[in-house]
Amino acid sequence: EDTVKLGMVAELSGAGAPSGTNWRDGIKIAVEEINAEGGILGKKIELGEYDTQTDPQVSRALVQKAIDEGAYAILGTIYSGSTMVNMLVAQQNSTPQFVGSESPSIVQKGNPFVFRTSSGSQKGIPALTSYFTGTIKAKKVAVAWVNNEFGKGGHDVFTQEMKKAGIEIIADVPSEQGQADYAADVAKLKQAGPDAVFVYMNQEESARFLIEAKKQSLPMPLIGEVTLTEAKVVELAGSAADGAIAHVGLTASATDVPGIGAFDKKFEEIFKRKPTHDAIKGYIGAWTTKYVTEMVGELDGEAFAEKMHGLCLKAADYPKILLDTCWDEHGEMSRPSFMVQVKNGSPVVIGTVPSN
Amino acid sequence: MNTPILSVRNIGKSFGGIRAVDGVSFEVHKGEILGLIGPNGSGKSTLFNCILGQLTPDAGEVTVNGKNVSGMRASDLNKLGVGRTFQQLSVFPKMSVLDNVILAGQEHHGTMLSRLFGPGDAGLMAEAERMIAFFRLGHLRDTLAGSLSYGQQKLVDAAMAFMAGPSLVLLDEPAGGVNLTMLANLKDRLVAYNAEHGTTFVVIEHNMEFVMSLCSRIIVLAEGNIIAEGTPDEIRSNQTVIDAYLGG
Amino acid sequence: MSQFLQVLLSGLATGSIYALVAIGFTLVWQAAQTVNFAQGEFVMLPAFFALACMSILGMPFWVALLAGLILSVVILGVLFKKLMVEPILPHGGITLIIATMALGILLKESVKEFYSAEAQPFPAMFPNDPIDVFGAVLSMQDIFNLVLCLGIVVLLTLFLNRTRTGRSMQATAQNPAVAEILGVNVKRMILYTFLINAALAALASYLITPVYLAKFSNGETLGLIAFIAAIVGGFNQIRGALVGGLLIGVLDNLTAAYVTAQYRAALPLVLLIVIILVRPQGIMGTSEGRTV
Amino acid sequence: MLELKNIHGGYGKITILNGVSFSIPKASITTVIGPNGAGKSTVFKAIFGLLNIHSGQILLDGKDVTRQTPRQMIGHGVTYVPQGRNVVPQLSVYHNLELGGITASDQANVRKRIDMVMDQFPMLRKFSDRKAIELSGGQQKQLEVARALLLDPKLILIDEPSIGLSPNLVQEVFQTLIRLRDQGVTILMVEQNAKSALAMSDYGLVLELGQTRMHDKASALLSDPRVGQLFLGGHIEVEHAH
Amino acid sequence: MTKSSNIRILIILGLLVLAVVAPIGQKNYIIYVLTSWLIFTIAAMGLNLTLGYAGQISLAQASFMAIGAYITALLTLAGWHWIVAMPLALFACFVIGLLLGYPALRVKGHFLAFVTLAFNTLVFLVLRNEDWLTGGSIGLVGMPRPDFGLFSTMKQLPFYYFTLAVTAFAALAMWGIVRSPWGRAFKALRENPVRAESLGVDTRRITLLAFAIGSTYGGLAGTLITPLVQFIEPGSFALAHSLRILLMVIVGGAGYFFGPWVGAGVVILLPEVLRFTQGYYLIIYSALVIVMLIFVPSGLIGVGARIRDKIWPKQQVRADLAEGASLK
């Protein structure tokens, strides 16, 4: 055979479609680039696309299908709820899998074949703690979160962190995925009057929240992780997003980083829109597959997984990794990250956080 | 006579402002064929529905064989041996004629459990076939009841009322739409059944020829009240009844 | 106190949106005796029509809104009636319900594939400037929604009950065979129903989308909640939609603020069950009458 | 006035009418009799455009009206009162009546006629605001018959009007039909209440197994012993179930 | 009569043989899909009883799969054998199904649809929010597949046969139910409950039973989903899945015994077949469903007969014509 198959299993329809399609498009760019450079170990990549409909059961079946059809590695899924289900299948088949999910539990199951493309919230959120304790010196905070696998994971990490830091959580406001009306949530936060609010929701939900927050003129800083300042959220929320702050693993606005700037340009040219961090995650996942496979020297899932553990790739040597990145023995990932704030309708990098 | 098979005491039923049945009392004796007539809207069907558990009367009491059955559910009444037909066509349209007729008898055979594990026809096939043949519906045995003509459905309806071997049957306009020859037949059948099994009938009808020749006693209802009661001859010549109902 | 007022007013505002969608359900029920499970998608779509007109054809906002309205009336009104309702309705309610569910998927996925999977901002017809009401905040748009909803309910109720065309539509829904025998133009009455429904959907779409953002999946929850609102209010009365919508909007917000956010979604459902069991015809509905 | 030429037709796969032919003159009453399931109602449906006609022709005043829609038939001045119950359940009695005249261009006239039929059936006036579904069976039938009188029809097809009506009202309906006939309206009626129906009719028609068997003066049918024996209550031999 | 039932038995045997050989030599994924087809057939069979035969709309079938699945999961995780967990799960579903039947005693049609829909969503919320028991949105993971000593179902193929056996048994039981007087009583309830009641049918009991038995089948499907997927979470039993099962019943042909088999086949397999169309497959799929409902509204099970009628149009004469006229 002169091709190597990769299974791109993602949320191409259903609630997760915005994340999934970005992930797919990021991967598409990577695959094109890799194939232009001669593929992996001289074999061209053949990308299989599998749509989970944002349904965990379907995602599980599709990972099985991708493997049946000869996928050497799986790229996806994004929603933690799905990843939790389908990573078992990849594991049973000793197939390496790059996922775009952030829920802490994913790397806590002892699965040696799963690897993140962004750090889990148990790493991302603690990076924010110093911001709460140091920069804004918060005494009491509130948390508004989306009640799904992703949000719950983040919520739990955040409450633990705050407890450790001795900050009191005075309002805890869960909301539904797909919720449209945030009036009650914001009213509740307003009433409670915390020093800051930690907002942990998917993209559109973040946007709707910000719009309502502005309407009711919620006075305190809104701080998030990953999603809150994403380009999409800013586009949707418009001026309501101004002032929102978030810690992000990757952002297309970090154009100072040469690789990211280039990717950003290319993506916009092809797809006529700004890449989200899911697009960059997919891109990195595909490139890592190439780099590490070529280190191993053959198409061997087990060897690949073994190689990945404890591996660090430097952007200087492996430019398409974009930032220096390491994976630990659980498949958790670390790399430098950014603090971003929305100013005048666009996210601006206001600081970098070293990898932890 | 001994205890009446059906006794209705002071039944009343209103719908909004309309007093459909206004405290009606009467008794039906074992083996009697009683006619119930009256102008449209006089409360005949409502009275039936109150007696048989399809409606809850506002007041009053119903006893069957001396047993108080007020508030009893229709299916339980049926199991006590009370059968009925409805004024409106009331078959099971997407079931075959045969299934319609078997269904009408099956709940009287065996127990709930034995009906699950017993034979599919609950042992009623022969009986049902005979009943169908009697009403000259043999060629329609496997036809869906819903695609029968009006009169044919009326006959299926009547056939169903007899399947369980009831001791009291309340018929709401059995003659409507039935061909005269078949109707004569139906009348013979009622009379024969009555004679053989002592089955009691209460019949609502607007076909005077049918009622007068079938019933031994007739009750006339108007505006929810009994306005006359007597033998067919007495009723025929009762001026109140002629004015309110029979016409000139 | 100001929290309570805020929650109450916001609830009314959201409730009027639910009501706007719910009206479509009660209308289709009263005039065609069926349920359109794609109603949520019917409300999701017109905003995309308008967006497409703006972004692809470069139309100005108000022109695009008009074009979107026309497209909705043609596609969600005329075509829907001709291609789906007419052939399937005679085969019974459930079949049409399933077909409209499939239609919902079709519309949703088409928007996703041919327009975008991502949410889009949508300009508001009215300034979103906050208005202070004793310390609580409402927007112009909120107030307009409420007023509009009331107006539509009154107009539609008058139309259905006070005009001969309206009554012919009801007759068509309740007993199409009889309507036909009496010479009612049954097909035209059904068409009217779906034309009105489509126009209402477009209107609702333009009012909702600035807040909800334009997204292919918007119909899912919206359709469901509006449906529940319609039932709670009373399915066979247009005004039921208003009462149901406002009630659910307010109770939903009150629950989220004061009782439990985790089980917030359960509240309309519990309300639904209670109402159905205690008063099946709904708060404003009338009973369907004699069965024996 | 109305002529059927060798009509064949039925429901779906099943053929019910096997060659029905007859013609009726203007301003006459014709009563159709026959056993249950003969196809009487089916003939009416065929005329009114509600049946799948395989072959044959229907002429109205010499014009071919085969396979026209009910609306077209109404346009030609034909009205139809089907068998069974046919009211619009949730509309009021008054609005049900109004629907009977929905195709008329002169609505003022319809309102006048509504007033007229209400005089004829006082129950309708008394209950004009009630929902039709709430009426008793016979009251609903009165409503239906009254509803058919609101237009100025040339031909009335009326399928068993007597079902559910009290005897005085049956007479009332028959008298109305006679009055209409005298005004020049043609009436085709199915009745199982055949003796009184034939007595007031000009012609009688016997239908059996989807075919016309006899067509004669009503009085001739009434006095025909075979007709009496077979369809008017004479005895037939049937096996008894018990 | 007997000839056609002989043919039917032959067809059934043929299909059974087909079901036995179908997965042999197939990849895991295909076997997995076939297994889910069987499992959803069971769930759809249950709904077909409730809806197709007894005429009671239920939009809660997925929640019974959930109840069956979670009970099985919790018990097998606690070390119980599937064979012990399964009957307990079924019993629970039966009892809860009875309870769900109560609203059906008061309301019908779309009202009932919404009560059941509400129930489905409430079950979902409980499963998601009560994480001390259900694992919340993270779900439960690592449930073992049953091991019957000599026959272990750990591998995909044995698990398929295990499922096939359970399905066959369930189908047989359903066949027995719908052919018994109960089946007739269910239909009578669907067609005319008032008349049925007046003929002695205890419509109350029959309504409750229709729900209870239908729900038990949903539960049975759930007890099989748990070991098949070995992971369960609330989202897999949300409303959309109830609607999917409803779609199976309608597309297959409500009220026909083999309807659910066809329906589940189409709903599960058609998307697989269409997968090659990439992003468009849901569009094509839903369009196909609509077209199907327009042309065969009573379900695919009737397609054969319709095609036969098209190819050999057969006019039937009225049955009484043979008896001859009485008036010559």
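Observations
Order as written gives the chain letters A, B, C, D and E; numbering starts at 1 within each chain.
Here is the rule we use: contacts are C-beta pairs under 8 Å (C-beta built on N, C-alpha and C of every residue); 3 or more make two chains touch, one makes a residue touch a chain.
Remember, it's a predicted structure, so these values are computed and weren't measured experimentally.
With contact taken as defined at the outset, chain A and chain E are each touched by C. Among the other chains, D has the CA centre that is most remote from the centre of chain E. Between B-C and C-E, more C-beta contact pairs are found at C-E. Averaging C-alpha coordinates per chain places the centre of chain A 36 Å away from that of chain C. Chain A and chain B have Cα centroids separated by 73 Å.
Separation between the centroids of chain B and chain D, computed from CA atoms only, is 28 Å. The distance from the centre of chain D to the centre of chain E, each centre being the mean of the chain's C-alpha atoms, comes to 47 Å.
Annotation for chain A: residues 12-13, 147 touch two or more other chains. The multi-chain contact residues of chain D, meaning those touching 2 or more other chains, are 35, 37, 134, 230-231.
In chain E, the residues that touch at least two other chains are 194, 279, 282, 320.
Counting only pairs that meet the touch rule, the chains in contact are A-C, A-E, B-C, B-D, B-E, C-D, C-E, D-E.
On the side of chain E, the complex with chain D involves touching residues 309, 314-318, 320-321, 325-327. For chain A in complex with chain C, the residues that touch the partner chain are 12-15, 17-18, 20-21, 147, 173-176, 178-181, 183-185, 187-188, 190-191, 203-204, 207-208, 211, 215-217, 232, 235-236, 238, 273. Listing the residues of chain B that touch chain C in their complex gives 45, 49, 54-55, 86, 88.
By the touch criterion stated above, chain B contacts chain D in their complex at residues 15, 38-41, 44-46, 87-89, 127, 130-131, 133-134, 136, 140, 147-152, 154-155, 162, 173, 176-185, 189, 192-193, 196, 206-208, 245-248. Chain C meets chain D in the complex at residues 164, 167-168, 170-171, 174-175, 177-185, 236, 288-290.
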